[in-house]
Amino acid sequence: MSDGLIASMAQALRDPAQPCPAGLRESCPADPAQRFAIYRNNVQSSLIDALADTFPVCRALVGADFFIGLARAHLQACPPRSPVLMEYGAEFADFIAGYPPAASLPYLADMARLERAYVMSAHAADSVPLTSRQLQDLLSRADLLHDARFQLDPALALVRSDYAVASLWGAHQEDDVTAALAGVRPGQPETALLVRSDLVVAITAVPQSSGELIQHLIDGASLGSAASIFQARHPDFDLASALGLLIAYQSIIHVQLPGAN
Amino acid sequence: MASEYGTQTAMPLPAGLSGALPARAGLGLKPEHLRSMLQHRPDISFFEVHAENFMVEGGPLLHFLHRLRDDYPLSVHGVGLSIGGMAPPDADHLTRLAGLLERFQPASFSEHLAWSTHNGVFFNDLLPLVYDPVSLARVCAHIDQIQERLGRRLLLENPATYVAYAGSSLDEADFIGQVIRRTGCGLLLDVNNLHVTCRNHQRDPLAYLRALPLHAVGEIHLAGCAEHTTADGGALLIDSHDRAVAEDVWGLYCTALTLTGPQPTLIERDANLPPLEEQLAEAQTADRMLCACLTA
Amino acid sequence: MNKSLTTASLALALGTALSLAAVNAHADDMAKSAAKEKCFGISMKAKNDCKAGAGTTCAGTSHADYQGNAWKNVPAGTCEKTASPTSPTGFGQLKEFNAKGA
C-alpha cells in the first residue's frame, strides 16, 4: 500500500542508519538503495546548508566539520516543521546548550540565539517610526507620560548573554577575523541590540541597564513603571541615554497615551 | 495521443490577474541576486522566484522583489505545498502563499508533482509518489483545494525522479494527464526533468513527451543536470541546476515547441552560478529557438 | 507614589534623549557599504530551492558524505582564536569529547 511506503520512506530519509525502504522498483542502472541514497543525501545536506546559512558565525566558530555533526544531530532531534526554511533553527540555540561536544564553547548557544534573532529581525514586518516632531509633542503632554506605552519596531530585538556575543559577531564581519578577535574578551557579558535601518540589521552592544529598560517596554510596561524599575536597579545609569537609543535608532513606532484609543 | 486530453471537464481558472507570462525566455532568480538584477536591469522577458523564499513579513526581500515586479513580469514557483503528500496542503502555508500572491500578483504560479512534508516534518526535497488510483485521487483533491483557496489556476511541474515504485500501476505521463483533466490545472513542462527521468528509468523521452497533456502547457523549464555515478557503478542523471542546459535538452525543447507552440521558457540555475552574461546567453538561445523551431 | 516627581523626571529624560538624538543624528549613520553588503548577504540568502544534488558528489560541492558518521567532535574554527588571558575557562583550549556511539 502506497501510504505505508511514504511513511517508511520518510523514516529512512531522516535516519541514515535506516535501510532503504522496500517497495522500490528494481531497476537498471543502479540498484534502488543507491538511488534512494540520492534523496537521503539531498535531504540531509540541504537542511544542513540551510542551518549553515542562518548560523554563519556559529559555523565559523566551530569549523565546517564540527558544524556538520552538530547540524545533523539537530535535524535528527528537531527537523523543520515548516517549508519556509528561513524560519528553521528556532530550537538550535537550546539544542546547542544541551549538546555535550559543544560544552567547551559556552558562548556558542548565545551566538546561535543572536544569529537567529538577526534573521528574524531582517525579515520582520516593516514599520514607520514616529518623527522627532511627534516625539517632541509628547513633551507637551508630560502628565500622560507615566502611563504611556511604547510600541517598538518589530525588527528591534535584544539578546542578553554572559559572553561577548555582540563583539564576537562583529569580529566575524571583519575581513581579518583573527585580528579582530584578538581584541575581544569572550567572557565579558554583553547585551546585543538589533535594529534594522535602511533594510539592514545592525548589532551593537548596549549597556545592560538600557537593554533591561527596552525589554520592559517591549513586554508592554508603561514608560513610568519601566523607568522606575530602571532607576531602582541602576541608580548610576542615565535614563535619558537609555531612551536616547530608541530615538536614535528610530525604533519607536507608536505611543499609546492613557485615555487614547 | 494529445487529442485525448483536448477537452477539459473542469472550469478553467484565470492563470493570474496580471495577464500571462510572455512566450519568451525568463530567468530563475535567487534572492541574493535580486539587488544586482535591479542594478543591471538585463533585457529578459520575466523572472521566476521560489514562493517560500519570500514568505516573510517585511524587510529587504519584499522591498527588492516589489521593485523588480515594477519592471518585469513575475512568475512564482512553489516548492513547499507537498501536493503529493498524504496530508492536505497545510492551511497556514496556503494562507501565507495566498498573501504573497495577493501582494505581488504574479502572472503565473506553479508547483511540483511531488511530496516534501510527512507527519508535519518538512524534508526540503521533491520526493516521488506512487502512481496509483489512490494517490491520483489524493493529488486531485489537493490541487482542487489549492486552486480554490488561491482563486487561480496552478501549473503542475512534471518531476525528475531517481527511484520508481514497484506499486505504481499508472504511467507517469498518464497520471499527469488525468490530474490535469480532473482539476483543470495546467502543465509546467520541465524538459530537463523529463530528460533526467527518462534516462534514469530507461524510457524514450519523445514517447513520454508525446504522452503528456501538451495542450495544457503554460510554461517550460530548462536547466542543467549532472551525471552521477553510484557506488555500484550505475550512471544516473541528477537535476542539479548547476550548469548549462544539456544539448539533449535543447533538442527535446525544440521538439516540444513544435507540439506546444510558443511558451514562456525559464532557464533555471540554482548553484554554481556563472556571470550574468552567460545566463543571458542561454536565455537568448531559448528565444532564438522559440522562433526557429516554430518556423522550421 | 510620588508620581509628580516621576512625571517631571520622565519628561526631562525624554527631552534630553530627544535633544541628544538631534545632535547625534547622522553621526551614527550606519556602517560603510562593505559591511552593509555583508549584512545583505546574510539576510538575502535563499534557503528553499528545487534542485537536487547538494549531497551528491556530482554537484560541485565538497561536502562530507552526509550518510556517513565521520565528523569531528572537536570544534576547530575561529573559536581557537578567542582564547583570552582574562577568561578563566580558556575558551581556546578545546578538549576532545568522546561521544558514545556518535
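Order of writing sets the chain letters: A, B and C. Residues in each chain are counted from 1.
We adopt the following convention: a residue touches a chain if its C-beta (ideal position, glycine included) is under 8 Å from a C-beta of that chain, and two chains touch if they have at least 3 such contacts.
Remember, predicted model here, so these are calculated numbers, not experimental data.
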Contact graph of the chains (line, ring, star, complete, other): complete
Pair of chains joined by more contacts [C-beta pairs], A-B or B-C: A-B
Chain centre separation (subunit A, subunit C; CA means) in Å: 8
Centre-of-Cα separation between subunit C and subunit B, whole angstrom: 36
Between subunit A and subunit B, centroid-to-centroid distance (C-alpha), Å: 33
Residue list for subunit B, restricted to those that touch at least two other chains: 52-53, 59-61, 79-80, 124-125, 162, 228, 238
Subunit C residues counted as touching two or more neighbouring chains: 40, 43, 45, 47-49, 52-54, 56
Multi-chain contact residues (two or more partners), subunit A: 37-39, 42-43, 46, 50, 83-86, 122-123, 199-200
Partner subunit A, residues of subunit B touching it in the complex: 52-53, 55-63, 79-82, 85-86, 90, 93, 96, 115-125, 127, 129-130, 132, 134-135, 162-168, 200-202, 228, 230-236, 238
Partner subunit A, residues of subunit C touching it in the complex: 3, 6-18, 20-22, 24-25, 28, 30-31, 35-36, 38-40, 42-43, 45, 47-49, 52-56, 61, 63-69, 71-79, 81-82, 84, 86-89, 91, 93-95, 97, 99, 102
Sites on subunit C touched by subunit B in the complex: 40-41, 43-54, 56-60
Partner subunit C, residues of subunit B touching it in the complex: 30-32, 34-35, 50, 52-53, 59-61, 64, 77, 79-80, 112, 124-126, 160, 162, 223, 226-229, 238-242, 268, 270-272
List of subunit A residues in touch with subunit B within their complex: 1-3, 5-7, 9-10, 13-14, 23-32, 34-39, 42-43, 46-47, 50, 79-86, 122-127, 154-155, 196, 199-200
